[in-house]
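Below: a set of structures, written as structure tokens.
Common to both upcoming complexes is subunit A, partnered first by subunit B, then by subunit C.
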Partner chain A sequence: MSKKHKTPLLDELKKGKWPSFVNEIERAAEKSEMTDDLLGQVEQSYEEKVVHWKHGGMVGVKGYGSGIVGRFSDLPEKYPGIKEFHTVRINQPSGFFYTSDVLRSIVDIGEKHASSLFNFHGSTGDVQLLGAKTAELETIFQEYTKLGFDLGGSGSALRTPSCCVGKARCEFANYDAMHACNSITQAFQDEMHRPIFNYKFKFKFSACGNDCTASIARADLSVIGTWKDSIRIDQEAVKDYAKKFDLHKYVTDKCPTKCMSYNAEEGLKIDDSNCSKCMHCINTMPKALRPGTKGGATILIGSKAPMVSGPRLSMVLVPFYDIEEDAKNDYEWFKDLISKIWEFWDEYGVNRERIGELIQRVGIGNFIESIGLEPLPEMVASPRGNPFVLYEEYVEAGGEQG
Partner chain B sequence: MTDETKVKLEEAIVNLIKEYANKKRFKPGDVVKEMESKFSASGVTKDDVKTAIRDLTDSGRLIYGYAGGSFLALPE
Partner chain C sequence: MAEVSGVKRITDIGPHDYNDFLHPVIKKNYGKWKYHEILSPSHMVHVSEDGDKIYTVRVGSPRLVSSSFIKDLCDLADKYSGGYLRFTTRNNVEFLLDKEENIKPLLDDVGKLNLPAGGIGNVVANIVHTQGWVHCHTAASDASGVVKSLMDELYEYYVNAQLPTKVRIAFACCLNMCGAVHCSDIAVLGIHRRPPRLIPDRIVNLCEIPSTIASCPTNVIRPDTYNGKPSVKLIEEGCVFCGNCFTVCPGMPIADPLNDGVSIWVGGKVSNARSKPAFSKLAVPFLENDPPRWPKVVEAVKTILDAYKKGAHNGERVGEWIERIGWPKFFKVTGFEFTKYHIDDFRLGEATLNYSAQIRQ
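Coming up: the complex of A and B.
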């Protein structure tokens, strides 16, 4: 099929070394008139610097309030193929593991019933099938269900939890992020499929401080792996690294808490009590250093992208959570904590207010008291910063600071 | 919650959405609060209202919509 629309601006984006989304859409457009119209509308948006999508509305599958993101062209007469161009969110497997057979089946359904374009994966983590028409949604849902997949979250609901590859492929993993993610996903199906919240709520599970899911910036509740004991050091391997590069310049001087030193005679020394588990030294010398053996997680709360108020990073809520122990009880403690957080949000939150914004509004002290946690000095908004602990010994009678 | 209360609760939810159709978009959470208060004398809990919403959307009497946030609506 020849191209129906001229796309000189999009053609510019096919140049260069990186794979181009324009090439992929053009390949799909060879078989689909719908996708050809998509190219035309995107080109027009680039020319006018105006978005021509409307989103939302009353699209979905029966019984579910989530999983379908309604998308309509505001130029349906000019681009009839994309008059309806909905996104279907499919809950990804933990860690993004697929067999090639399943991948083929996922794609076959997309080719048969939609534009055949996918996002692997959307920023929440789901597989996103693009360009479904309203009339095809139930069929698409049924076919993915037969394949063993379910829809993910959208709207004012629990969004599809996501995780890093964890212990399946990563030597830095401090807990089984895939197991935790899968268990929490299964436990809160109702909250994911039937929007009941003030706004969206996201969980992300990263098994170490490298935070491959970027949870600290994107999740309302982040579960990031850490360890309690000392970094494991192989001094012989440290010496090998010292022959390859300047350890002071690339490792010890870059330590954010300056808790490590190195000299050829004594080797590498780490004051683990001051280590903030930033992972820099371990990432730089992976053959010499490894996280400690007493793994667990830090639970953080409240990050979000700009919307009602500006962007926020998460703050520490639970400094050390023995997640592997809790896993033996099917994450009972964690689920209870989540329920208390949601109850507080439900009671005091307003429409379109994320949990982080609510905490900012009512104060962290009130929040942690309501969910039954004890205030701890480690509950920090940023390293070396504490948003709410009042050190009374520094305050004299009458409110003057001593 | 008795079966009779359940039927009344479901009717009350549908009537609320009907009454405010094209005037106000009710979030499921708003409906829960409204019904919990309305049926408090009958011992209806938040979970009862959530279950009623679930049954109503499963049966197709109500559907979900989205406009900057999720809301409940009558089928078009």
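Coming up: the complex of A and C.
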């Protein structure tokens, strides 16, 4: 197969030990001729140090407002193969688990009808097929649904939720993140496929404070596993670790709440009432320590990247949510909470305002009051230091309220 | 369900049930894992309460992959892991094996495909990144090319565990930060530095003026008229080069080859272990785009990693190390210049000032 375009700059990126995306684009071009023009255009971007994708034209499949991200070359005459080169977002299975059979079928559809080029996976979680022509979208959609895969979210809609591997292969998991993620995604198909929100909304489920999905930094609603009871200790295994490294230096001294102590006679002691479930000791001695058995989750709200008013981390909304119990009722309590949050956002939010920004604008106190939650000290790092308090009522002589 | 050319359309079926793709050992021990042990940077074992074991072999991928790449992986999975595999949130591939004796031949075959095995433990984890010039319209830099250049240089840190603890690097090609890079040990972030150019004909014909005005975080896009039609004007001094306006309005392109480039941020984390999750902080305000291999970016990242490796205690994340030695020392040991740009003057930025006399003198 002869290459249409000369790519001396990109060829530099075929050197070196790390697998090369340039080789991957070339291999995709062997299967799909259109992808050859991508090499030409990216080479031109490398020469000119500027991007050559256009901001232009909404595309999608019938009945869906999201799932496809339109992409058009701004040099369509020169690179006709990528005149239209849209992204198809395919909702991943929870935990990114696959069998070889189903993976082959997924990529076969991309070979037959598009560019043969994929992201495994996009940062939101979807499998992304990069490079589909508008005319092929309906066929691609139908092939994927026949295979049992649906489109993910894009635009001002619920974005594809994602989760950590959780109970499938992690002993730190405090709740079944894969089950929760799958169930919640199934429950909100309409919100995902038909954008009606002010802006995007993301869920991420991590089953412990290590937060492998980075939910605290990039989900409007972060659900992070925690536990209520005591850390399970295998004292014999603790002793084994004490032989391998300085337990004080690497474990107890680093406990952020200083709630642990260790000596050879008494073994490891933990004041669990003072443990903030940070995971440090468990990470360091996974054979000796396990989270407690009364698992649940902390729900946090509002993190986002810088657009529009600066980056935010998620803040505590519900300190302990008994998610395993709620799972028995098909997450009814959680779905109700989400509906209340979305109603508030719908009523008070403005276009392109993420929930975290709205809460910042109206005040967390007003927000939690509106969705029916109580203010709790767990929500703040400390009470306010600023005395500009908006007291909402005062009394007048005679007992009347103002 | 709608009919299209006689075919009944299937819609809103949601994600495929993951239970169909779980290895039998994982299915049997779901929620019953007891502990794991890292056996090398490329493989680990999880042991269940019943004593069952599942071995994981981790392999790096460039994320942007061809169908042929995926089929190579499938062939390996068929040969060694009963066809079962998964991906991680950081774009690694994991083969799930119940037979320990398959690990070695699998690793050999992975080597034959020139793929790196590693990424577990005290390593530089696979870099999460965005689309860049390959597939996005707001990119200030390429993503895949910078990441490839970095990982070529940091290869040994991926395949061998030789750092105080795990280092997570992320790349995003514009301030949208699709990958949420703002909480990484080291974040490389594409930035524009010149205000958008106004193309009035496009603005009046293609853009919705109120949303364009609302898109600006610093309120420097103001209403105006052009040929009697509603348009916008720009107060250039207040622009923070976020590109948000271009996303909303194609008449305000911001990409500019002479002024686009990347910035480098350090010390963020998302895990709750020990210290709280934290944003990454500015280390290097600007490095020019230097394709195809961005040598200055690679050098700056290496400088940070070398200083960290030399200075950090075992188990300390980059941010914890810097907190311990203090920011002045960080700038000293890396040799990066501290400039006016390092002092946050944006909304709420005052929170980052030092309100104490606690200074390591």
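General remarks:
As a convention for this text, the second predicted complex is superposed on the first by the 377 of 402 C-alpha atoms of A that agree within 3 Å, B and C clash if a C-alpha of one lies under 4 Å from a C-alpha of the other, contacts with A are read in each partner's own complex, and residues count from 1 in each chain.
The rule is simple: a contact is a pair of C-beta atoms (placed from the backbone, for glycine too) under 8 Å apart; a residue touches a chain by one contact, two chains touch by 3 or more.
Everything numeric in this text was worked out from a predicted model, so none of it was measured.
In the superposition on chain A, no contact is made by A:K83 with either subunit B or subunit C.
In the superposed model, A:G155 lies in contact with subunit B only, and not with subunit C. By the document's definition of touching, both partners, subunit B and subunit C, reach A:D190. In the superposition on chain A, contact of A:M58 is made with subunit B only, not with subunit C.
Looking at the shared chain after the overlay, A:R361 reaches neither subunit B nor subunit C. Of the two partner chains placed by superposition, A:K4 touches none, neither subunit B nor subunit C. By the touch criterion stated above, A:K340 is placed in contact with neither subunit B nor subunit C.
Of the two partner chains, both subunit B and subunit C are touched by A:R352. Counting contacts as defined above, subunit A residues 55-56, 62-64, 190, 351-352 meet subunit B in one complex and subunit C in the other.
Within the complex, the subunit A residues that touch subunit C are 9-10, 12-13, 15-22, 24-25, 27-28, 30-31, 38, 42, 45-46, 48-56, 62-64, 71, 85, 87, 91-104, 106-108, 110-111, 116-124, 130, 138, 142, 145-150, 162, 164-165, 167-171, 173, 176, 178, 182, 185-186, 189-190, 193, 209-218, 224, 250, 254-256, 276-280, 283-284, 286-287, 290, 303, 305-311, 313, 350-352. If you check the complex, the residues on subunit B that touch subunit A are 27-29, 32, 50, 53-54, 57-58, 60, 63-70, 73, 76. Residues of subunit C that touch subunit A in their complex: 2, 4, 7, 9-18, 20-22, 26, 30-31, 33-37, 46, 54, 56, 60-71, 73-75, 77-78, 83-89, 91, 93, 96, 114-116, 128, 130, 132-139, 142, 144-145, 148-149, 151-152, 155, 158, 175-180, 182-183, 211, 214-217, 242, 244, 246-248, 250, 255-257, 260, 268, 270-275, 277, 279, 289, 291-293, 314-315, 346-348. On the subunit A side of its complex with subunit B, the touching residues are 55-58, 60, 62-66, 69-70, 154-157, 190, 194-199, 346, 351-352.
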